[in-house]
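Scrolling down, you'll hit the structures one after another.
Next come two complexes, and both contain subunit A; in the first it sits with subunit B, in the second with subunit C.
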Partner chain A sequence: MDRFLRWTGIAIVIFIAAPLVIVVPMSFSTSPTLQFPPPGFWLGYYAQYFTDESWLRPTFNSLLIALMTTILTMALVVPATFALVRHKFWGKGAANVMMMMPMAVPHIVMAVGYYSYFGSLRLVHSHLGVILAHTCLAVPITFLVLSANLKGFDRTLERAARSLGATPRQVFIHITLPILRPGLLISALFAFIQSFDETVVAIFISGRDAETLPRKMFDSIRQEADPVIAVISTLLFVAVFLGLIAPHVLRLFRKLFSRAAPKPVRATRNTQATTPQEVK
Partner chain B sequence: MNPYLQLSGVNKTFGDFTALDRIDLDIEQGEFVTFLGPSGSGKTTTLMIIAGFEDATRGAITIGGHSLAGLAPQERNIGIVFQNYALFPHKTAAENVYFPLQMRGVKKAAGLAKAEEMLDLVGLKGFAHRYPKELSGGQQQRVALARALVFEPDLLLLDEPLGALDKNLREQMQIEIKRIQKRLGVTTIFVTHDQTEAMSMSDRIVVFSDGNIEQAGAPLDIYHRPSTRFVADFIGESNLLDAVVTDAEARVAECPALGSVVFGAEGQPPVVDGQEVALLIRPEHLKLSRDPKEGRMNAKMVIDTIVNYGDNALVIGHRGDTQIRVRVPGADVVILKEGEECHFSWTEDAAFVLDR
Partner chain C sequence: MAVTLSTLTERRNLWPWLLLAPLAVYLALFFLVPLAEVAIMSVTEPRPGLANYEKVLTGSLYRKVFLNTFATAALVTVCCLLVGYPLAYLMNATTQRRAMMILLLITMSFWTSFLVRTYAWMVLLGNNGPVIWLLETIGFEDPPGILFTRFSSTLAMVHILAPYMIMNIYSVMQKIDRSLIRSAESMGAYGLSLFRHVYLPLTAPGIANGSVLVFVICLGFYVTPVLLGSPREQMAAGLIGHQIEEFLAFGLGSAMAIVLLVVTLIVLAIYSRRFGLDKLYG
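Coming up: the complex of A and B.
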């Protein structure tokens, strides 16, 4: 039974990882189309990606739009989350539902809506239009992550800070914000990824001027299946992978570094609250 | 001279619910006062009103003659230790203690030096650079205490600070807090629902019940001379028996459970003939024996349960419909058996009456 479960597990992992891994060799391929296995290897498509204006512009657009979306989303969601988590007010339930709405409505429906609505506002084919639409789509996930963080925040800490002489403003700057920082960073990252990854709405409203990378990739695969797509996929894959292992590497370094420091002195024998591995 | 801290007519209502009915209390400078009462009795609400986190519906509070009205918590100069310590997790022990100084504009080098000095005082030399999660419960408690004291507050409030600690550590911290409080001479209010804690630490105990002060006094005063049934029941263990005063002059009451009883304890409230009273005899003032003891008042009971604590035992028995509790020294308990009939005896000065 154990063997069966183990092999099933391995099979699932391979099945999930295969599409990720398959793009890597394809990006070094000599073939003029996406083809696996590659007939030969070279770096030509990397060179093409980094020199071709028609690829660099969408990349820049995507980064700009994702960055602006992140800033706008955080500016809206941070105050909204504090209001919704910490205060009671008329219409709170409705506000909560509205915040989550973009997650429930299919993107294609939103896209059609934006297409006709932004058309009359002359926002179609503009960066601003895409930023606004992406912000709307990024709100739910950002709100979810942040509100979970804020609900777990012990408000006694703020009371303690007040009693120690801090004004509400100082409490926010010195206590609330630093403690919530990881949650804020993660929710901002989610907003960024939500925008950077978004394709459906971008296809409808980004046009030529604000063309995003996913849209360009989609167009390209439809027309010519250019292996540059594999290059971009590989680069994104590497970026995410580095992002994932970075904290672990940092922790490892810190551990190696702090080994030189003196070992912590054990507490009094009454401290039974400590876990066994702390005793080492 | 006016008292240092004065609460007059403090009242707090939440909608229809009266959390505090009317609190009048004077506290002297340097005093260690404990607010004792069950949960929901108003002790924590009173504390939060003094700290400025709740507004009183009516009433006034003054410290050193100055009113606290309209002052935000950060303007009151009151140190608080919270039940869960409320240490800032992103700051080291020293930085936690430095925080109130930082808020008062003390420069970092001087402030951290003072913080370490304070950590020394609470017995945490060498722990300055630890983060709260690297400290045990008792150590976190000490950091919280240092942080609440480092800015020389006008008042120290402790909100059930020992609740989360195990028994040994709790006793150790009781002694520690008392030592530090004496050394600094800071006026302190300690909130607890644990009566032994209140007895062992306080200069004065204030017993809360249902949003009112039931009684305020020195620990032994309250223990020996409770003014209400509630206080007698809440502080220590008690045998409370209904009785009617038959001769106020000779201090005799007729008790259905025990018969005619002389109540000779000191400091009893005045009574009149025919008054319905509750007769209080503490379990440790009763003695058990096979035969009646000479020179003492005697009665018989049947032993139902013996709860052994090692150094002493609680014997619960009944006489008619009345439950009788007796504390006996641990060594004496071996001769007793459950289901056995025996005598219990007391002296006249162990019997105390209070209003029923």
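Coming up: the complex of A and C.
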């Protein structure tokens, strides 16, 4: 039984890892047709990506749209989250549902709506149209992440500052914002990624002028499967990997540099770690 | 400025609404209005009436596509469960180091865009790709093409949605009180009966969460079925896109979109009745 489970586990891990791993060697392949094993290796498709206007422009569009979406989303969601987490008021339940709605509606449904609505507003094929649409789609996840952070906020700190004579504004700037900064950064990151990865709505409304990277990739995969896609996939994959291990690397560095610090903290952690084993 | 702000704060009823107002207006203008436009188009294009719905709900092509969509979503959910449950169990049972490695892999997969993962499956299953190559090396003569079939799109969707399932089940498993398992063992439960009577009920919330999430996302899936699936066995989202892009049949496309939306909302409503929607995505 145990052996069977272990092999099942290995098979599942391979199933999950294989698609992530395969694009990396393919991006260095000289073959234009995704041949395996690759007949040879070169950096030609990387060069092509970084020099080809038809790939660089969508990349730039995507970065710009994601950045503007992030700014707009944060400007709208941060105050709303404060209202929903810290205040009780009539209609709060409905407001909560409204914040989550864009997540429950399939993107294809919204794509049809935006295609027609922005068509009548003359916003199809424009950066602004995509930004406005992406902001709606980014609201729920940004709100979820931020509200989780705000719920865990220890409000006694604010009260302490108030009792020491700080004005509400001073409390907000010197206490609330600095403590909340990691949460704000993470929710902004979620908004950015939501927009950067969004494909379906962008396919329908971004057009030639505001073409985003996912739209360009989608079209290219559908038509000819340009090997440059393997390059972009690898680059995106590396970006995700770096983003995920960055906190671990930072922690490692901190550990290395704080070796000289006193160690009572570690001692207590050790005793905590041993208690469950003693029970055993 | 400070004076007005503080007086507003004292009038507590107004302040939260003031904070909420910009977003509420924004969502009304750029979320509710386009959504309403879909509903309106479905009964006005090309002429007023319920003809579009009649077509969508009774036409054999549309019924086939919707049934196919449900069947695929159900199949993908079951496969995700079959992949996710054992892996979550093993992550919980194995050393912490290994569990962390697997968790890193799953998060990596989760954060890699749908499009990139779909493309990766195209590379893997392509006619000159590694899977065919492997089959030929093992000794299969002339293996059949797997790409652009129902199989390839289902496989890719399972891969893309499995992280949702795994994370949900794993987080529930981690919270299980070990002493419950031990006491069950001390009373003579082991193997399958321990699993059925203790482990499975304790992990049921994670299974429900993961399944609903996977099923709902799969219902509206556009990218992967369009790129990897068979053109003859479209899913609902693909057909909606087709109606809009190729035929400019806004009314018909909108009616299908509304049916898809209603079904999705029904699934979510049943779920939220029982568990509360806020837990689903948290």
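The criterion applied here is as follows: the second predicted complex is superposed on the first by the 253 of 280 C-alpha atoms of A that agree within 3 Å, B and C clash if a C-alpha of one lies under 4 Å from a C-alpha of the other, contacts with A are read in each partner's own complex, and residues count from 1 in each chain.
Criterion: contacts are C-beta pairs under 8 Å (C-beta built on N, C-alpha and C of every residue); 3 or more make two chains touch, one makes a residue touch a chain.
As the structure is a computational prediction, the values presented were derived from the model and not from experiment.
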Classify the contacts of A:Met101 with the two partner chains as first (subunit B alone), second (subunit C alone), both, or neither. second
In the superposed model, which partner reaches more residues of subunit A, subunit B or subunit C? C
Quick one: is A:Ile14 in contact with subunit B, with subunit C, with both, or with neither? Answer first, second, both or neither. neither
Answer with first, second, both or neither: which of subunit B and subunit C does A:Ile179 touch in the superposed model? first
In the overlaid three-chain picture, which partner chain does A:Ala80 touch, first (subunit B) or second (subunit C), both, or neither? second
Tell me the contact category for A:Val249 with respect to subunit B and subunit C: first, second, both or neither. neither
In the overlay, answer first, second, both or neither for which of subunit B and subunit C A:Ala160 touches. first
Give me the intersection of subunit A's contacts with subunit B and its contacts with subunit C, in residue numbers. 167
Within their complex, state which residues of subunit C touch subunit A. 2, 5-6, 9, 12-13, 15-17, 19-20, 22-24, 26-27, 30-31, 33-35, 37-38, 41, 83, 86-87, 89-90, 94, 102, 104-109, 111-124, 126, 128-130, 133, 156, 159, 162-163, 191, 216, 219-220, 222-223, 226-227, 237, 240-241, 244-245, 250, 253-254, 257-258, 260-261, 264-265, 268, 277-278, 281-282
If you look only at subunit A, which of its residues touch subunit B in the complex? 154, 156-157, 159-167, 170, 174-175, 178-179, 264-265, 267-268, 270-274
Can you name the residues of subunit B that touch subunit A in the complex? 51-53, 72-74, 76-80, 82, 84, 86, 88-90, 99-100, 102-104, 126, 130, 134-139, 147-148, 151, 166, 168-169, 172
Going by the contact rule set out above, which residues of subunit A touch subunit C in the complex? 1, 5-6, 8-9, 12-13, 15-20, 22-23, 26, 31, 33-37, 75-77, 79-80, 82-84, 87, 89-90, 92, 95-118, 132-133, 135-136, 139-141, 144, 148, 167-169, 193, 196-197, 199-200, 203-204, 214, 217-218, 221-222, 225, 229-230, 232-233, 236-237, 240-241, 243-245
